[in-house]
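Written below as structure tokens is the structure these notes are about.
To keep things simple, chains are lettered A, B, C and D as they appear, and every chain counts its residues starting from 1.
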């Protein structure tokens, strides 16, 4: 199911970049979960374009709830909402249905849908479709926080500039989640912003690596094989446009390690089983072990750049030059961060349901 | 569904390392697909332990088909098979239900299943459970080859030793798929085997990176968002024990690139749209673009090593030393390769069904 | 998935009777299916309350499409639409959250959702939620008609008054589908309408049996066991409020027959295999046999009646009398008919996809 | 998923009537559920052919468990088992792949699978495939009984001979579940057995109506719309060969009732909300209301009869006479009863998981 995701909690996405509205339906949310619109808007704010490091397309992105929420709580029935598209400029995209933008979905969408697709602004493939994910994720994230589970994401690496590592403290995540540009080390932050502005000036774009941590998740969540925590998180995360890789714990670094270095020794701390290192990113055999869940996601540079690029005319089947009009982001990695948090929250909430049932979320 | 995977074609896995048998049920396979047992056994051979670089547990691993195949063709009804466990030695594992092996699933399984699990040899979490995946994958791989789609995997990196890159030729993949130790460059092969033997002598283990290529896959396969080719492949691949990361095309290398370097320019070759580079690994917007699908998977070092390790006694809740008995692999990456091929074949076949329906596989 | 239905084509329902809007998302519809708004509105008209035999709540019920349709064709991406609720009167329902209406979902919804539900007008359980099903079904029905598959439903029995049997001709179904009160025999129609008006005068309500036929469906559609045509149709049909039974072909009449009477003899007609009787309603072993699909659905009398009824006060836990305010239908069976057609169309289209793939629907 | 059923608990069926074995995999069963083989064999006994009222094909039908059960408890990992086919006689079915048996799945299977199917004894469509359902159902039924939920089924009507109605007492169900021929009234039982023997002498067969009751199910189980209790039960029940209809509570009798007769008034009994009648069969809006769940299932007469029947030769496409060889049941309704109980248990257990999670089943 292409646009439906989840098992006990499902999200169904819809909309196109230049259609009247985008939105989603979240089904299976337990009744009685508090829904705080301020919280949702704070999350949406992190995804918004702002300043000179983002596209000049600006949208209000205030979700209009159609069902499933009453008096500040989920009802238990489907939560549906729409986000109107206001700042639409179709004529910027007049040519791309014939001359596909490199590394966008214009060409593959055209083949898949035989020309019936709405290519304008990327249509259904647009990064705008991540806005409903953030709304849904915000509801789940708040429910998880009420259960002592905290999710945070920082830019570990932006075009080679690196941030500090997580200390895995709740306070650290709280602070990080207040920031719109999610970096732990202020010097790194300054350099990264400068790097993005520099890319913009060059009519170019940059990407990087996001690192996500989850603390407070109990041991025993996940499944062997096909519903492993890694499988489900990866399934969700690869739905985010521009993601091209994900790794857990030591990730691709495992290739350089001996088993004796890679294994996480067990220990006892305050009467609880812990591991003394966390190379496995809090997951063994697909199931959480009580340590922080840690994973890295690579975000490719935004494919929309203002430089002239090589493309083809699908009608004449000849090679041609393409200069993309429209409004572009020199980087989306800082905006993608809250999408990562959101997808992670959706997946974890879904998997917690299997163990605890829907009533558990009403308890305190 | 923890042990059920797929949409139009599903695989249901079962069994434990030291139970009477492991196996799987494949449902939804189109009728009329040729099933060649020689082909299946050749694939199984690649997964088998052999020589000094693998565990001394040796299993025949000949699947016994119970249903769904008649006169060398699939019937269209469920294909079920079992693989008996012959070489079982439960007493090697007497202690691990109380003293979990670091970086195995003993502890997380114990928490999840509250002590009801069969921990012997890793139980249901054992790497043995990948044998049924290979049987299922072999049937799909052969069906795909009949459609001109070829899948191959080599060891790109073993504990720092690197292989050559793919040339993306059908002949190259055919040759690679004849080898039990899957490396393109013979010098690299020799060094890697030596490195594994060296790890064995040190009572240690090593991992590395597998790279998989798919050639001949038409453009237009996959879905936007949650059933993107990347999402589905990653979902399947993270089901394989020891996998801790996956990336597509330039993967984590995207973090160092400008958009102008990362984008794949379009061109025309023999009247067909191609891309002049393949940084996106043949996938744009979750959908195949007709270029080779390319992805990398990191395999952590086998967690079973013969050295003494730190663990805890779950009954007394005290720290303790653990020396794992039993038979271990100093590396499983060369054996994991055919599992990668198999999972890839399952995912691709499933996604091809959505576009072409089940009847398509009977056509030539 | 409570509010998500289907496999290759899914419908996700949302909304509440007195919320701002209801709607649905249809995912997986092939690209290039013609969408004729006149056709949709004609179908919606059949579901609308009208005249003295229906509730006085009148809604425009014009769907506003948000995505997935362009230039009169499906794009292949999710089709989302909303239907605003205009004629809302919440105060009619002030008491039902404490004093549940007999044979409605007020009590069960209250228990399931712990008081967080929106009970007004039945909330999410309202018959209004069938309006989005009709929109979705209309799109599918038109696609099926383009493939020569026709679906029609008549009132076989209304409170004991019986209609004629189907002749299974395309022309008969075309005519039936033009009518808002779906009865084949004009005398029966007159009597039924009179019976409904009589029930209204008595402050009471009536139900009956709908019979649905599908002609033109090829043999070979459906699956053994859990995705049998009967299983999938029944699953969909029981989602319709007030449905309490479904039977195929001779249905409950099989209980009185010998096998020699019940079996449908095979024959050859115009070079094609047919059955000489159709007691099995066109389905053997869960799979279509090329004969008309025939099934009966019982619709209980509308539970909303204006008479005083026995209920309980959920706060004081005492028995009490309840007089339901609000606007009621003395019968909904004639309005339910198009919902039956719609659900049937959704199920058939989904199952046809498995055999033919999504491209098939673009062919003529 | 044709042969996979369920959401949190799934059953995957496989096998053919004359293959080496049939079986199933049950995934998602919570850990720690007691599994009593005596209980399972008692259930299997009810399904077995015995005496002159059943086929002369006799099978031991003792399941061999391959995984998921240890020391008498479920482990939490997949429970897989096979049931060998011992008493196989393929030559009885030599002709049916060309000359399909009326009202069997021979013809539809042939069209669907293009001749690749195993038609012998009905192949995958055989009633034998219900044996694994009974094994799976037995495990679930016992878990439900431990939670105070009791399921029972009697023959309400056999070829016109009627049994008494349920009194909905636990003791009544316990007694009924001890009987192999499930009838409440001993006189009716005698008449029914005589009627079956009479049909056998006539080389004919009879069917009837089974009625199933569930007592002890709490209110609040089920979902609105597509996962309504009725939808899920019907989906499962229509998977059983020979089922052609299902109705809940007053069922098709609703067609003759006024709303004022059909509605179930609420009342208070021992401080609990009850309904004073149970025309809705314990379900409102798709959700249990705490009253007994009650439904009726019609079983068509066994299509295998020894009389000569009209069929066609699929090779020559000419009409022909067919006399079915092999061993037939003059009635299967008494054997089908335990299959009904089993499917009901599977569905209820799955739906209880959504509300209570998997841990709940370990509590007492």
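Just so it is clear, a contact is a pair of C-beta atoms (placed from the backbone, for glycine too) under 8 Å apart; a residue touches a chain by one contact, two chains touch by 3 or more.
Remember, predicted model here, so these are calculated numbers, not experimental data.
Chemist: Along the shortest chain of touching chains, how many steps lie between chain A and chain C?
Modeler: The distance in steps between these two chains is 1.
Chemist: Work out the mean Cα position per chain and let me know which chain is farthest from chain A.
Modeler: Chain D.
Chemist: Go ahead and note the Å separation of the Cα centroids belonging to chain A and chain B.
Modeler: 26
Chemist: Counting in whole Å, what is the centre-to-centre distance of chain B and chain D, each centre being its mean C-alpha position?
Modeler: Using C-alpha averages as centres, the distance is 38 Å.
Chemist: From the mean C-alpha coordinate of chain B to that of chain C, what's the distance rounded to whole Å?
Modeler: Chain centres of chain B and chain C, defined by C-alpha means, are spaced 45 Å apart.
Chemist: Which residues does chain C have that touch at least 2 chains other than itself?
Modeler: Residues 1-4, 7, 13, 77, 112, 124, 224.
Chemist: Within the complex, which stretch of chain C touches chain D?
Modeler: 1-5, 7, 13, 100, 102-105, 107-109, 111-112, 124-125, 129, 157-160, 199, 202, 204-209, 219-228, 230-232, 234-236, 238-239, 241, 243-252, 254-268, 271, 273, 275-276, 279-281, 283-290, 296, 298-305, 307, 309-312, 314, 317-319
Chemist: Which part of chain A faces chain C closely enough to touch in the complex?
Modeler: 1-4, 7, 10, 12-16, 19-23, 25, 27-28, 31-32, 64, 66-68, 70, 73-80, 82, 112-114, 116-118, 123-124, 362
Chemist: If we count contacts the way the header does, which residues on chain A are in touch with chain D in the complex?
Modeler: Checking each residue of chain A against chain D gives 7-8, 77, 224, 353-360.
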